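Down below is the structure, laid out as structure tokens.
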Amino acid sequence: MTSTLAPRRKRSTVVRPGDRIFSGLSTSAGILILIVLAGVAAFLTIEGIPGITASPDEVKSGQSFLPYVWPLVYGTLLAAVIALLIAVPVAIGVALFISHYSPRKLGQVLGYLIDLLAAVPSVVYGLWGIGFLAPKMAPIYQWLESNLGFIPFFAGPASATGRTIMTASIVLAVMILPIMTAICREIFLQTPRLHEEAALALGATRWEMARMAIFPYARSGIVSAAMLGLGRALGETLAVAMVLSVSAGTVTANLISSTNPSTIAANIALSFGEASGKTVNALIASGLVLFVITFLVNFAARAVVDRRKDFSGAN
Amino acid sequence: MTTLTPTPESPGNRGAVDVQKELYGGQLPERAPLLVIGAAVVVAAALYLAAGVNLMLAALVVFAISLALPVWSVAVEGRRKATDRLVTVLVTSSFVLAMFPLFSILVTVIGKGTKVLGIDFFTFSMRNVVGEGGGIYHALVGTLIITGAATVISVPIGLFAAIYLVEYSEGNRLSRWIRFLVDVMTGIPSIVAGLFAYALFVLFFGEGVRMGIGGSVALSVLMIPVVVRSTEEMLKLVPNELREASYALGVPKWRTVSKVVLPTALAGIVTGITLAIARVIGETAPLLIIAGATDSVNFNPFDGRMASLPVFAYASQRNPGIPPEFSIDRAWGAALTLLLIVMLLNLIARLVSYFFSPKGER
Amino acid sequence: MAKSIDVSDLNIYYGDFLAVEGVTIPIPAKSVTAFIGPSGCGKSTFLRSLNRMHEVIRGARVEGKVLIDGQDLYASDMDPVNVRRMIGMVFQRPNPFPTMSIYDNVLAGQKLNSKRMKKSESDDIVERSLRSAGLWAEVKDRLARPGSGLSGGQQQRLCIARAISVEPEILLMDEPCSALDPISTSVIEDLIHELKAQYTIVIVTHNMQQAARVSDETAFFNLSGVGKPGRLIEVGRTETIFSNPQDPATEAYIQGRFG
């Protein structure tokens, strides 16, 4: 080392070029992410607006935008909500099993197994749904129609192929299960040990302990897990596109028939290839609607998570 | 659950008996759960093998018989314990239920997919193929190029953004927004990412544009947030003491980050990136929109349609032609290939984090 | 090559919070100066301000002067990175770089700054530094192994070797033995004795016996209450401070009545 501390050149503030470049790169990468997100919204809007304002005879569907998109929104919400109704209890059960009912070491392995479900590509889910699940479900729908046909959901006529919105929802439920399980599991494991032991010391059974200590602590976490799952279900494309047998413009509560409403995402996937002109714009506009819906759901979910972070003693 | 009425047989010894009853009384034998489950499985297996009941129904039978456990418990142990046992049965069954699709998918895809697998399947494209034969070479090439380009775009952006969040932002308002929006971005539907890429490319190349690189852009939108999140977690795990040690040696910040922090977190970062690749390599919807489908090999991502494995699987199932079975077989073959690639990436990710994480840290 | 340090009227702030107030202290060259005092009295903060390491924490700033051979460390044109090359530091917990071998750890100061060296030259530096740190005999056969595989005491000596391999003028030690067992501690203390022939050493310790054993000069820091800034109470020859302290607080602390 040199034995003098005198800087070789006089500078008022010392910033090394390496530091400037590196921090500049990092900061711009961060800002770029904001720009990309803004870009997604902006480009969808730019290309979507001609589709929203297009007159009915300019698009393939022969409808103006609102009547065109409404059944799709309905189908999207219906499929996602049913998927959520199926997945939430199962996810809570699985998470509880992994976190508190199975031995600790085994729990980690079981967690990996559930994570594997998340790794399966959606096109594989689609193939499985149409090639395996739908045929297996068809007789069940037949049975539901003849025995529970008085309930509007099962009014029938039952689909012979099993390619119904119910089947699509089951596939969606399986697909959103891993992320919901992962979040629930994390939160269950974070339950303060003291609360659990306090409950057990009062003579609670394991279930009473879960109700007294775990669930109150994990409630907002479960809510946000459900909302994140909902976001995924709303946006899932291929599995629905492959499984569902659609009739355009349907709005029905019937879950087991062969005339089903499509979802926004599936409709885009199915129609985009042959679309041209204003029809493309209309599809992009419907994508914008989907973007807004999922953005709001995710935004709310993350906001719940973030608020929870501030109030939980875990940090 | 317990009764405090004195037992007439031993009036002098009442207290002891009560305590004993309270502690031990009204309990199912320790092996009761095993017994019930065992019986359920035996009955279901008998039905499945002998009567040919389908698997779903057999599973349902196991579940129904398991419910005998809480019923038995009500009689012997009282309501509280019975409820506990009922919940245990439900929680365990929910796990088994969740495993069912996983195994079903694996069995189905492997069963139907292995039929077409062979050297030809991986070395031939679908050009001029009608009916039997043909392969996924073009789709494999397309998937590798598109995903590779997406990785090249996403990794630097994601990496530097994570570095910004952990090393440079010092928790300012901008970083909080970035973090929040990255979280929101992980929820963008993949098809919306595809539409974004299309809307972007239409501006430059006109209507009906189809390009491999567009697919890469769409996949990057999905991949960047995953890379940012996982890298950020890994950088946070690097002990601050190492940064201080480096600063104390007179090392500037950028060299500290690039030569101390990044190498220390490298295994974790590579794991995260591998998992991110595994996540996007199976994406179908955005490629369907912007990369399209073709039967020929295309090595140039900037020129026209480019096939990819997931889109190939989808299209083969959707438009099988006549006769349909060959095309459907190819769809399963492609799905199996894709599944194997994804599982392999997951395995690599786990191995990297297992073997290359710096050891000996406290 | 060792240099003396002259601190005059130094205030250290974190944001608006005044952590250390009005420290004036001369630190002689080629000697060991120990800082003692109760927890939170600012002795570590003050130590870190001597090579501008406290600036790593956001909002940290100082008022006053730290002169090394007459040059102010806090002059506006002074680069903290160069300051730290001149003034080495050893931390409370041994922190060798886990991704580097023992050899590379010793050379970390050069390698991280991408200084080009001949193989023979770097071998020399490694051997000389490890010998000075009293570690050469123990590790010379496994220089390519990771540094994190050593015992805690060896790791700490490796960190000392790393600090002196860049040939600093001054060595700062922030409770270097607090994470070590008694035997390793005694090895390090012997090492400090040997190193003071070449370096100006400043050591923070919460162990008064250690201060008495290793240091020539002792400075006692204290704070008058919670939320109040830490101050230098008195400084002098170690024998004097321990046998005949001027300030009643120093005496109380040394006799173990608080702390």
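Read from first to last, the chains carry the letters A, B and C; within each, the first residue is number 1.
The rule is short, and it goes like this: a contact is a pair of C-beta atoms (placed from the backbone, for glycine too) under 8 Å apart; a residue touches a chain by one contact, two chains touch by 3 or more.
Protein names from UniProt, one per chain: A = Phosphate transport system permease protein; B = Phosphate transport system permease protein PstA; C = Phosphate ABC transporter ATP-binding protein.
Keep in mind that this is a model prediction, so the values were computed, not measured.
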{"item": "Longest centre-to-centre distance from chain B, chain (CA-based)", "value": "C"}
{"item": "Chain whose averaged C-alpha position falls nearest the assembly-wide average", "value": "B"}
{"item": "Chain-chain pair with the highest tally of contacting C-beta pairs", "value": "A-B"}
{"item": "Distance between the centres, which are taken as Cα means, of chain C and chain B, whole angstrom", "value": "49"}
{"item": "Inter-centroid spacing, chain C versus chain A (mean Cα positions, whole Å)", "value": "53"}
{"item": "Mean-CA-position distance for chain B and chain A (Å)", "value": "13"}
{"item": "Where chain C touches two or more other chains at once, by residue number", "value": "81-83, 85-86, 166"}
{"item": "Residues of chain A engaged with two or more neighbouring chains", "value": "16"}
{"item": "Per-residue multi-chain contacts in chain B, two or more chains", "value": "252, 255"}
{"item": "Interfacial residue positions of chain B with respect to chain A in the complex", "value": "54, 56, 80-81, 83-84, 87-88, 90-95, 97-99, 101-102, 104-105, 108-109, 112, 156-161, 163-165, 167-169, 174-175, 177-178, 180-193, 195-196, 198-200, 202-203, 207-208, 221, 224-225, 228, 252-255, 257-258, 278-279, 281-285, 288-289, 292, 310, 313-314, 317-318, 331-332, 335, 338-339, 342-343, 346"}
{"item": "Complex interface listing, chain C residues touching chain B", "value": "51, 53, 56, 58, 81-86, 88-89, 91, 93, 95-99, 108-109, 111-114, 146, 148-149, 159, 162-163, 166"}
{"item": "Touching residues (chain side chain A, partner chain B) in the complex", "value": "16, 18-19, 21-23, 25-34, 36-37, 39-40, 43-44, 46-48, 89-90, 92-94, 96-98, 101-102, 110, 113-114, 116-117, 119-128, 130-133, 136, 174, 177, 181, 205-208, 210, 228, 231-232, 234-238, 241-242, 265, 268-269, 272-273, 276-277, 280, 283-284, 287, 290-291, 294-295, 297-299, 301-302, 306"}
{"item": "Residues of chain B touching chain C in the complex", "value": "170, 239, 241-252, 255-256, 259-260, 263-264, 266, 358-361"}
